[in-house]
Amino acid sequence: MSAQTEPEGPPEEPSADTGVEGLPGGAAAALEAVLMVVDEPVTAIQLATTLMLPVGRVEELLLELAREYDGYTNWGPVRPRGFELRSVAGGWRFYSRTDFAPVVSSFVLEGQTARLTQAAMETLAVIAYRQPVSRARVSAIRGVNVDSVVRTLTQRALIEEAGHDPESGAILYRTTSYFLERLGIGTVEELPKLAPHLPGLENLGDFEEASY
Amino acid sequence: MALPDALPAAVTADSDAAAAPEAAPARAGFEVRLENFTGPFDLLLGLISKHELDITEVSLAQVSGEFISYIRGLQQLGQEWALDEASEFLVIAATLLDLKAARLLPSGEVENDEDIALLEARDLLFARLLQYRAFKEVSGIMARRLEQEATRFPRLVSLEGHFAALLPELVWRHTPEQFAELAAKALQPREPAPTEVGLAHLHAPPVSVKEQAEIIGNRLQQGRPLSFRALISDADGTLVVVARFLALLEMFRDGVIAFDQLAPLAELTVHWTGPDADWSSESLSEEYDDGPAAAPAGEDTQHERAD
Amino acid sequence: MSAQTEPEGPPEEPSADTGVEGLPGGAAAALEAVLMVVDEPVTAIQLATTLMLPVGRVEELLLELAREYDGYTNWGPVRPRGFELRSVAGGWRFYSRTDFAPVVSSFVLEGQTARLTQAAMETLAVIAYRQPVSRARVSAIRGVNVDSVVRTLTQRALIEEAGHDPESGAILYRTTSYFLERLGIGTVEELPKLAPHLPGLENLGDFEEASY
């Protein structure tokens, strides 16, 4: 096995002790930090604005990072990463590397069922009848944290984001047309009225606000 | 005794009045009135540290005055107290007052049972205070840890499209009506957690002191002295033993029985000294059986039976 | 500007052309690929199952990766990454590095949960150390009613119901794995010890039991 020599470490950033360049790992690490946790692809302009760096510099760094993860650097070859940084529709995001798709798929499918859990069904029901609604409000109604269930429902395309609450800024959720399709109705208005099932739901609003 | 069961009985013994049970009132922003304090222990700790006193050495009596004037201040704000919370403040205030009063008396001698009870109350208060302080300290550590951890963000992204597409097609069996039923159930206001902890289990099965007094009375009136051991030989549980013991104390106070004990911890013998015929357990003071509204509903029936 | 020399590349994996070891980047990259799609901490066992590797080997690789992202490798120092790989609540997961919190937080609006009040923190601490525990017992320690605080903690998924006390029938509470995640620890055993905060009160345990 060749012990390949890496002649030099990555060139150090120009001495910049202000802003992100001064942090451990520098601007490149700052980009990695953001990209590791964002869900939606982010543009170089958004990144440049937040990091207070020129867009050109950010684009350069992004390309360098992408190349590095693929195994190529200015100072020689490195181990390719299991993730890649890709620019999709103008935005940058981390993805798992295509080579590993079989492994990742088997991991994703492991333990998956074709059925929603009771908790997921009930959360979906609350969202259907209270839409558009924030996760916090659904949590208050259900009495438990619903973050992961909401993720599952989104993944299953049964619900989707519907803007932000004007006051709290929280993301609001609504049901999708796929949901209507699965339920076999045309519009949300066709959902059966709740009244016959539950007298006294009218003042539910008070309860919710009070309890959260 | 219907004390909020959150309180160790020994601490609350002095202050039954403070714990008058009632349906828990609506919660009316009690936390707000506590200002910076999250409870009586917090307040007490605050006062102790204000005076730079060592919690393990301080005589709690030193901060009693301030503690009491603080809750008086709260009262004067005129809002309704949440009883179960107020009671805890009052319990502690009562204990502190006792300790303060004890300090005014010549010290160093433990003379009677009251002194001992006072010492026990003080030790319990210390123990609870120290315990509370320990939790307060670790909660501070936890809070700092949480804050520090909040500067890390987990990768929490939705599944890449091509993997999401692999998920098995959802099996959907709900009709709109079934779905509505589910929604109705999910939207139903959940029973608010009871603000008062049920005491029913503590009294089951209920044992009446009067009833036990009646049994003891009947046996002793036959004329032969009986040992305490004999008197409880047929008791079918600790509660009955306790009730019989309390009944004996009551009967002793009423002067209908007398105790003989040859040596400390030796066999306790009880003999009848009261009137032969017309004694009834109904004449006992009503300290045990009649107080709390929280007592089991069946109690009236029992009184009748005891007659 | 030291151009530090990196004498050697990472040692190559032993020639294994079967399974993930044969893919570009080897088993380490396969782990990275899977970790890229998880939305909750994933255990070494789950990863080992998916990758068909011994658990010990997977644990070793995970630790190596974590160290590498922090800037330490067997072949010398490297640039610290903007992300960390951490073992939390019994599983592994990617996080953004603390240093970049100010930058990252402007991209992650959701999930910035409000701070807990002191009352909530104290209640959480008592439950964490005494679990499973009833509300009444927590009240006894704190000296105040804790019902509403317990509700808040449940809604925020930091605690959950854990059955009923066999004697009193009271609902018992315990902390959740989300609590561990938020605290960044593996198990409740890693909480700071309570004893040092209890001077000279060795038999407090007895007291608690006796008083309750």
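For clarity, chains are labelled A, B and C in written order, and residue numbers in each chain start from 1.
As a working rule, a contact is a pair of C-beta atoms (placed from the backbone, for glycine too) under 8 Å apart; a residue touches a chain by one contact, two chains touch by 3 or more.
Given the structure is predicted, the values throughout are model-derived calculations rather than measurements.
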Chain whose mean Cα position lies farthest from subunit B: A
Chain centroid nearest the full-protein CA centroid: C
Subunit A and subunit B, separation of their C-alpha mean positions in angstrom: 49
Rounded Å distance between subunit B and subunit C, as computed from the means of their C-alpha atoms: 37
Rounded Å distance between subunit A and subunit C, as computed from the means of their C-alpha atoms: 20
Of all residues in subunit B, the ones touching two or more other chains: 153-160, 163
Multi-chain contact residues (two or more partners), subunit A: 36-38, 95-96, 104, 108, 143, 151
Residue ranges of subunit A touching subunit C (in the complex, touch as defined): 1-12, 15, 20, 23-26, 28-38, 42, 46, 50-51, 71, 75-83, 94-97, 99-100, 103-104, 106-108, 110, 139-140, 143-145, 147-148, 151, 169-171, 211-212
List of subunit A residues in touch with subunit B within their complex: 36-39, 95-96, 101, 104-105, 108-109, 112-116, 121-123, 125-126, 128-130, 141-143, 151, 154-156, 158, 182-185, 190-194, 197-198, 201, 204, 207
Partner subunit C, residues of subunit B touching it in the complex: 4-11, 27, 31, 38-42, 56, 82, 84-85, 88, 92, 124, 127-128, 130-143, 145-160, 163, 193-195, 197-198, 201
Complex interface listing, subunit B residues touching subunit A: 153-160, 162-164, 166-172, 174-177, 179-190
